[in-house]
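Naming follows writing order (A, B and C), and every chain is counted from residue 1.
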Amino acid sequence: MNVKPSVRLAFAVGCVWLLFSNVALAASDPTALVKAMLQHWRGDSSYTEITMRIHRPDWQRSMQLLSWTRGKQDALVRFIAPPGDSGNATLKLGPSLWLFNPKLSQVIKLPFSMMAQNWMGSDFSYNDLAKSEQIVTDYTHTFGSVKEHGKHQIFTVVSIPKPNAPVVWGKVILNIRDDDVLLDETYYDQNMKPVRQLKTLQVSSLGGRPYPVVMRMSQLDKPGTWTELHYTKGVFNLQLPGYLFTLSNLRNPRPWNIP
Amino acid sequence: MIALAWRNLWRRPHRTILTLLAIAFACLVMVFLLSLQVGTYASIKESSLGLFDGYAQIQKPGYLRDPNIRKSFPHTGEMVRSLEAITGISTVAARAQSYALLSKGSHSLAAMIVGVQPGAERRVSRITAMMRSGHYLRNPKAAEIVLGDALARNLGVSVGSRVTLLGMGRDGSVAADILNVVGVFSSGIKDIDRQLAEMPLLRFQTDFAMLGKVNLLVLSGDSLGSVNGALPAIQRLLKPKGLVVLDWQKLEPGVKGMIELDARTSLLWYAALVIVAVAILLNTIFMSVLERTRELGVLLALGMRPAAAGRMVWLEILMLLAMGIVLGMGLGAATDSWFAVHGLNLPGAQGVFSRWGISGLMYTKLTVFSLFTGPAVLAVCTALAGVFPFLHVSRLKPVAAMRAP
Amino acid sequence: MMGKSGLLAVMGWRNLWRNPRRTGLILVAVGIGVWSTLSFTALLQAWSASSLQTALIDMTGQGQIHARGYLDNPGVAHRMAPPRASLKALLKRPEVQQWASRVRVPAAIQSAYETLPVSLIGIDPAREQGLSFIATAVSAGQPLASADSPGILLGRELARRLRIKVGQRIVLMSQDANGALAERGFKVNGLFSATRQAEKRYVFVGIRQAQSMLGIGQSITGIAFNLHNINHLSRFLGQLRQVVPKLDVQSWETLRPVAKAVSQLSNSFILMWIFIIFVLMALGIVNTLLMSLHERVRELALLQALGLRPNLIFTQVMMESALVVLLGVVLGMVLAAVTVLAFHNGLNLGFLARGSEWLGAGQVLYPRLNISQFLGIGALIWVLGFTASLLPAWRIVHRVPIEAINRSPS
């Protein structure tokens, strides 16, 4: 059909505008971008299977675990390999953390004095597990820069802790891809010296979405000290039964299958 | 000259004896007080170390500053034997330790869990004898635990309860166990009673995947001195193994600081005592010189040179000093030996020393230092102060002196 | 009789000054003895008081009030209501020097590098003046301005371990009124210097900040107070217990039994030292007096030969003794008073702590002029000197005069 040039021009402009507006939308609200990143990472609910590899200068350990998350508050992690660690589980219900150990067949509530301890000997602390939402709620965000990398744009978000927020870091810098995939998260101490970093080593498809399937948390002042998470399976926004996130299930896991 | 000086002294026995008594008393006091201090410090050191730390410890370098369960080393019978063979060392007790979670029901608390060898531990730590209820660990392999009383109270456990232990092993794996509380101890030190729990070493090593390794060796001997004397030999033994031995000063820097502060403060009081004593002695000597002015004048008129007269007076001072000091040291040593056996019971001492679990009796300890230092200082100061009477006498003019009232 | 003793007194006085050297030496002996005894006593007492003060100023005070069960298990579960009218009235009495409410709970402090256990203490800075060390201990940054101040004060040693500087942020974690985790970020206002233990364990925030973080409203965990006169303490505690029978009222003696024992031990040592100085000084004075009397044998014998009755000579000699010792005592007391007043602004023993780990525990001694003590000791020494002269004076005066004159003057 014969469209008038002015209409075609308007259409073209409109397309371009639409194209950029998405980016512009995201580019105008860094907090929204961080929220989107978290949402992409966890969905409204998720089930993931992970191999956790702990690396130290003189030794290395590998463990396999299953993880369920519900909303922003609740999470259950259960270890299934190796046999020595199998059966250990951690349940997060709101702000509280509960531990289960099969040898003790007992559920223990984690006291606040142990919150900064390493979880299962890894470079993640119980705080990291309990406060995954903190990056949104306790920081103010601004954009650092935008870079082009292959087919994607990468947004640098500078997060500064709010005045009375319970955050020990001086700042946190996130690099998020335009498809909401987290590329890295660097934690700086109060002197603005980088201390630890969560870095995505590989992005591929998981559960139908681009996902950081290999992530490494390293201590920047201790070379050869890191923990890697390898996501081997992921299902997002699935129906999770309520009993999954209870203390009794923590103690006596009921059989569950991916629906 | 010496004979003359000697006879001069005994022409006025009352005066001489009183001065002697003053010198002897000052010496006695200093010997006694110094010995009391030395004895008390030794007591404090031995009791605070004997409570839990032991007289010396062998560790991996860097463990003291930054304790980490991974800083461990193999515990071989051969090393223990060679250590015990060194003179001065009587017991070597191995320990492995880590912070872990203890819980009972809904209470969980972080505590310092120490794996010990029950037999050897009894010989190095007094806590083993401070059980408030139940008994200390007996079986090296059993699932037993003893806790401080405040820790037990806060957890809500007592003898017969079972507690859950949850921690991180040496290789990062989960360390978990269920243990029976067989005893609750009360050391009197809040930090210990609130945080310390002990369990058998062999079981600890299994739970925490130690692979037979330990974090430290605690050394004990007949006395702190004997262990300190053995340190060089121990260091030679440890060098090829990459381990270090820590002496009491590194183990209890707080005690070291306190003793130093107390020693420096008492130095002030001793200095004041010496000054007062020397002033009084000098005054007495001047008085006696003044009293003898006529007699000295006669001597000078008879041909003795003034400087010689001065020297004679000075000799008298020295002889007085010598006698007084010997008497004082003798009396001091005698008093010391009595108190070294029977102890001095000063009100308040019991309360102070109970915190380290020892009686309130203060024992003196006679050492070369405590015996000679005080009298030596007094002697030197007085002998130097004797310059003044010497000068005074050497300036006397015979005629004026003979006419003195 | 008056006339005669008056005459003897005048003669005695002039006798003293006929031989200024001898009199001078006696004066010096007595003077030094009195001065050293009095100064020593004042200094040692000041040292004992300073040691006690150092213990009390470490967050204890002379007495404390808590809810029952708090001392065994210090936490928000055992909090108490703020002081009501009756308690406040008692605390506002003039005999109370300071009192302050506090909120003190166990907590954990976290930085990017370390998590450490501490004792969180919420204070009203203005009320802590004179009550605890924090009012004067801030060595870097700023002290807390008020009970609402949003900042936190850490010990230097704690800041070093956390690798934190003034102006940076740390996170405090504790348990709130509902048993849940209470955490908040605080900016470090300043650092304080104190004993190593205090620097490692205590962190201070404004009391209202602590209350809001822990969700306890107006509640507090305890009250500490000081009286002007520590001797009135037990009576005051009795009155407190009547006004608040449901609360736990304790004195420093039960709160810090080791401080009490140290105080007792110090007092024992003080007595011992005073005894030592006294004996030393007594020997010196007696010796000096004896020598002075012996020296005057010929002169006294001459007086007797001239007809003066022995009793009168004896009286005169005793008067001289009494006068010279009195002069010496007065001289010693004046010197001692000057010494004590010279250190009126405090004798700083801080140099003793230098180089040891106890930097920050430096003691300042405030010797006090205790008039009754001065007069008492002075009188005692005067009596001693007087008594010491009695026997020798009697013996000398009652010797046969010829024998005395024939005696070689040595």
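Convention: contacts are C-beta pairs under 8 Å (C-beta built on N, C-alpha and C of every residue); 3 or more make two chains touch, one makes a residue touch a chain.
Just so it is clear, the structure is predicted and the values come from calculations on it, not from any experiment.
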Top chain pair, ranked by how many C-beta pairs fall in contact: B-C
Most remote chain, CA-based centroid, reference being chain A: C
Whole-Å gap separating chain B and chain C, where each centre is the average of the chain's CA atoms: 26
Distance from chain C to chain A - Cα centre to Cα centre, in angstrom: 62
Intercentroid distance (Cα basis), chain B paired with chain A, Å: 58
Where chain C touches two or more other chains at once, by residue number: none
Chain A, residues touching no fewer than two other chains: 113, 117
Complex contacts: residues of chain B adjacent to chain A: 101, 103, 106, 108-110, 164, 166, 168-169, 171-174, 176-178
Chain C partner contacts - residues on chain B that touch it in the complex: 11-12, 14-15, 18-19, 21-22, 25-26, 29, 153-154, 253-254, 256-258, 260-261, 264-265, 268-269, 272-273, 276-277, 279-281, 283-284, 286-288, 290-292, 294-295, 346-352, 354-355, 405
Chain A residues touching chain B - in the complex, by the definition given at the top: 54, 59, 61, 84-85, 88, 99, 101, 103-104, 106, 108-111, 113-114, 117-118, 120-122
Chain A to chain C touching residues, read off their complex: 95-96, 112-113, 115-117, 161, 163-170, 187, 189-191, 195
Partner chain B, residues of chain C touching it in the complex: 18-19, 21-22, 25-26, 28-29, 32-33, 36, 40, 44, 47, 72-73, 196, 257-258, 260-269, 272-273, 276-277, 279-281, 283-284, 286-288, 290-292, 294-295, 299, 349, 352-353, 356-358, 361, 409-410
